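Paired with chain B in one complex and with chain C in the other, chain A is shared by the two complexes that follow.
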Partner chain A sequence: MLKVENMAFSYRRNEYLLNKVDFEITPGGVYGLLGKNGSGKSTLLYLMTGLMFPQIGSITLNGIPTRKRTPDMLSNIYLLPEEFDLPEVSAETYVKNNAQFYPNFSREQFDSYLQIFELPSIKKLSQYSMGQKKKFIVSFALATNVPLLFMDEPTNGMDIPSKSQFRKAIALSMNDERSIIISTHQVRDLESMIDRVLLLHDNSMALNESIVDIARKLEFVHTTSKDDLQGCIYSTFTPDGFVGVRPNVNDVDTTVDLETLFNAIMANSQLIKQLFV
Partner chain B sequence: MENQIFSFSRFGAYLVKFFSEYRSLRLQFLILTGIFTAFMCITGGSLSFYGTITPAMFIFAIVTATHMGVMFNPRANKIKFLLTPVSQFEKLLAMVVHLYIVVPVMFAVSIFVAQYAAMLLVALFSLSLPQFRWPYAGIYVDTSALGLYVISYTSGVAFYLMGTTIFTRHVFLKTTGLMLLLSFVFGALMSVAIGMHAFSVGAFAQFENFEIVNNIGGNFLIVMSVIVTLLYLGIAYMRIAEMEVNETKK
Partner chain C sequence: MIFRDNLSIYQQIAERICDEILDNKFPPGERIPSIREYAALVEVNANTVVRSYEWLQQQEIIFNKRGIGYYVSPDGKHRIKEMRRKRFFSDELPLFFNRLSTLDISVAEIDAQYAEYLANLSNK
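And then the complex of A and B:
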């Protein structure tokens, strides 16, 4: 569906923020786009949606370069940016004005997402708080039923109950034809729903693997004894004891701990990359 | 598959969204009507078409064109603008419709409303009955200079619309600066310079002055004006088509 081929992008001359990036987004699945602050997560989202243009390589959606921003292409994607602004119109007017550009928009689904988020009905969108506005726009984004939905830090500004409502809404909206790409540094919020990890580090895609493959190749250790950390590529002390990650040589079935994986790649990306070759 | 450049249904839907979400339209109308009402009450009668209305409309239009920069700044607005599923041409066309149709119509309606509002206010303060059959009428339009005004308006407004798509900050100042620079450099070849000249002629609406412009060649002015207007709009279109989100700071 969306193909990023040998792509490079820089804000400054010869200083590539992203270099030699290659990956593909296929239909069906939640992609977690992870990386440190300033690693280029938002930039990559903007590049994929055609809001920025790569200096080298190409980004295409069903064969059409995203930079063309044709109406058909735009009605197949939706980007929920980290910061957004809603017009001073009623919720009804907003839906009426914007839903018509998305042929698969479902009013029923939209109402059900609003219910999940427990949003009160109001006259004007400006009466919503920032968190409520976010829930409203997330509901709209999910109800568009676009094949490619991009979200930049969607849980920022959401309280704890809202985060679980968000996970519920995402789970309900998923189907085999749609992919959701979520950029976040709050991995704990979304850990349970991510199907595939895209991890940016050192100006390139350090990891692009499914959770299933990660669990097959890496073993995540949670222990109170330091002796259990033998063979770990990375380990650290936590208030509960120790966590570590090591090659899964014994086919042990463990749950992927995204935070530990993230820190392991930050510490030793080459070694982990080799495991996935 | 729908046409990717223009489709009536898509453009119609976008126009509805554009005007419904453009916050300041109603406020602008109220302010304009208020100003005209006050002006009519103070001067006690009709407005001069070339002396008051056309300069006011021109200034209002270029300020509105500049104000359209809110669609590109801050970044959140720019993302919303660029990712709305209509073509770049339709996005520009909506702005053109606003500046070339909605603004003049809004002016006409606000003057019409202001006539009755002024009449009512004067009647109220003078404790007399309002003469609804005879409001503050009387906008005499000298049609001989109307063409010159139209060409100066279209090219001038197009220039400011182009400026809005080029500059990210201090749009009005920078566009005015650029206009003065271009006027200085290209002189008579630039329609803006011609437009300003025509505008000054139009503002006083004297027939003998009109002859000066007439001598330059009315057809030449029209052709030049159309060319530069299309050129400015073409540049604005290319800017929108090639616009990237990283040009604007948060």
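And then the complex of A and C:
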């Protein structure tokens, strides 16, 4: 569906924020776009949605460069930026004005998401608190039913119950025709929802793997005894002992711990790369 | 749902569904929630629940009526108990025996306590 090929982008001359980036987004997945602050997550989202242009290489959606931003392409993508503002109009007017750009928008689904988020009815959207605005726009974004939905740090500003509601809404909205790409630095919020990991590190895509494949190749060890960490390529202390990651030579089926994976790649990106050639 | 670390999430969800079948939350022959509904319930990716349902189907605990949904097998409860009995004898009992021998506990002692436990259970 969306293809990024040998792509490079820089804000400053001769200083690439993203370089030699290659990956593909196929339908039917929840992609977690991970990376440190300033690693280029948001920039990559803007590049993929055609709001910024790569200097080298290409980004195409079904063969057409996203920088062209054709009306047809724009009806197939939705970007929910980290910061946004809602106009001083009623929810009704907002939907009337914006839903028409998305041919598969479902009013019924939109109402069901608002219900999941327990959003009260109000006269003007500007009366909503920041967190409520976020829930409103997330509901709208999910109801557009676009094949490619990008969300930049969607759980920022959400309280604990809202994060749970958000996971429910995502689970209900998923199908085989759409993919959702969520950038986040709070991996714990979305760990159980993500089925593919895109990890930006050292100006490039250090990892693009499904959770199933990661679990096949890596074993995550949670233990109270240091002796159990044999063969780990990365390990650290936790409040209740140790956590480590090692090649899955015994073919066991453990739950992928994204935080540990993230830290392991930050500590030694080469080693992990060798496992995922 | 709080997930443990040492078992993959899809297996934990499958075990949870087994518990719900044993508790009669989903009686034999009845429909269980759709993959998407269950994914929303436990807040996981739908593909994870797909794996759980596939595994439960393989064990013939649930079955799929094409285009309608998933149903609990007529002998689903029996199959879960059989599976868990097998697992108890192969995985849990050796550990239990190991405990008994290291702590010098005799089977007779356990036997007496177990009889008491059963008596208490039937009194309730």
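Simple rule for what comes next: the second predicted complex is superposed on the first by the 277 of 277 C-alpha atoms of A that agree within 3 Å, B and C clash if a C-alpha of one lies under 4 Å from a C-alpha of the other, contacts with A are read in each partner's own complex, and residues count from 1 in each chain.
As a working rule, a residue touches a chain if its C-beta (ideal position, glycine included) is under 8 Å from a C-beta of that chain, and two chains touch if they have at least 3 such contacts.
Because the structure is predicted, anything quoted here is derived from the model rather than measured.
Per the definitions stated earlier, placing chain B and chain C onto a shared chain A by superposition produces no clash, and the two fit side by side. Of the two partner chains placed by superposition, only chain B is touched by A:Y46; chain C is not. Of the two partner chains, neither chain B nor chain C is touched by A:F117.
Of the two partner chains placed by the overlay, only chain B lies in contact with A:D72; chain C stays clear of it.
More residues of chain A are touched by B (comparison of chain B with chain C).
Legend: residue contacts after superposition of the two complexes on their common chain; A:T255 is shown touching chain C, with no touch to chain B. Within the superposed three-chain model, A:F220 lies in touch with chain C and out of touch with chain B [touch as defined at top]. Our summary of the superposed model lists a minimum C-alpha distance of 28 Å between chain B and chain C.
Taken together, the chain A residues at the contact with chain B in this complex read 11, 43, 46, 49-53, 69-72, 74-75, 77-79, 81, 83-85, 87-89, 93, 97-98, 100-102. Chain C contributes residues 3-9, 11, 36-37, 39-48 to its touches with chain A in the complex. Against chain A, in their complex, chain B makes its touches with residues 1-2, 4, 7, 10, 13, 16-17, 20-21, 23, 74-77, 79-80, 82-88, 90, 241, 244-246, 250. Looking at the complex, you find that chain A touches chain C at residues 28-30, 164, 167-169, 171-172, 174, 192-195, 211, 215, 220, 222, 253-255, 257.
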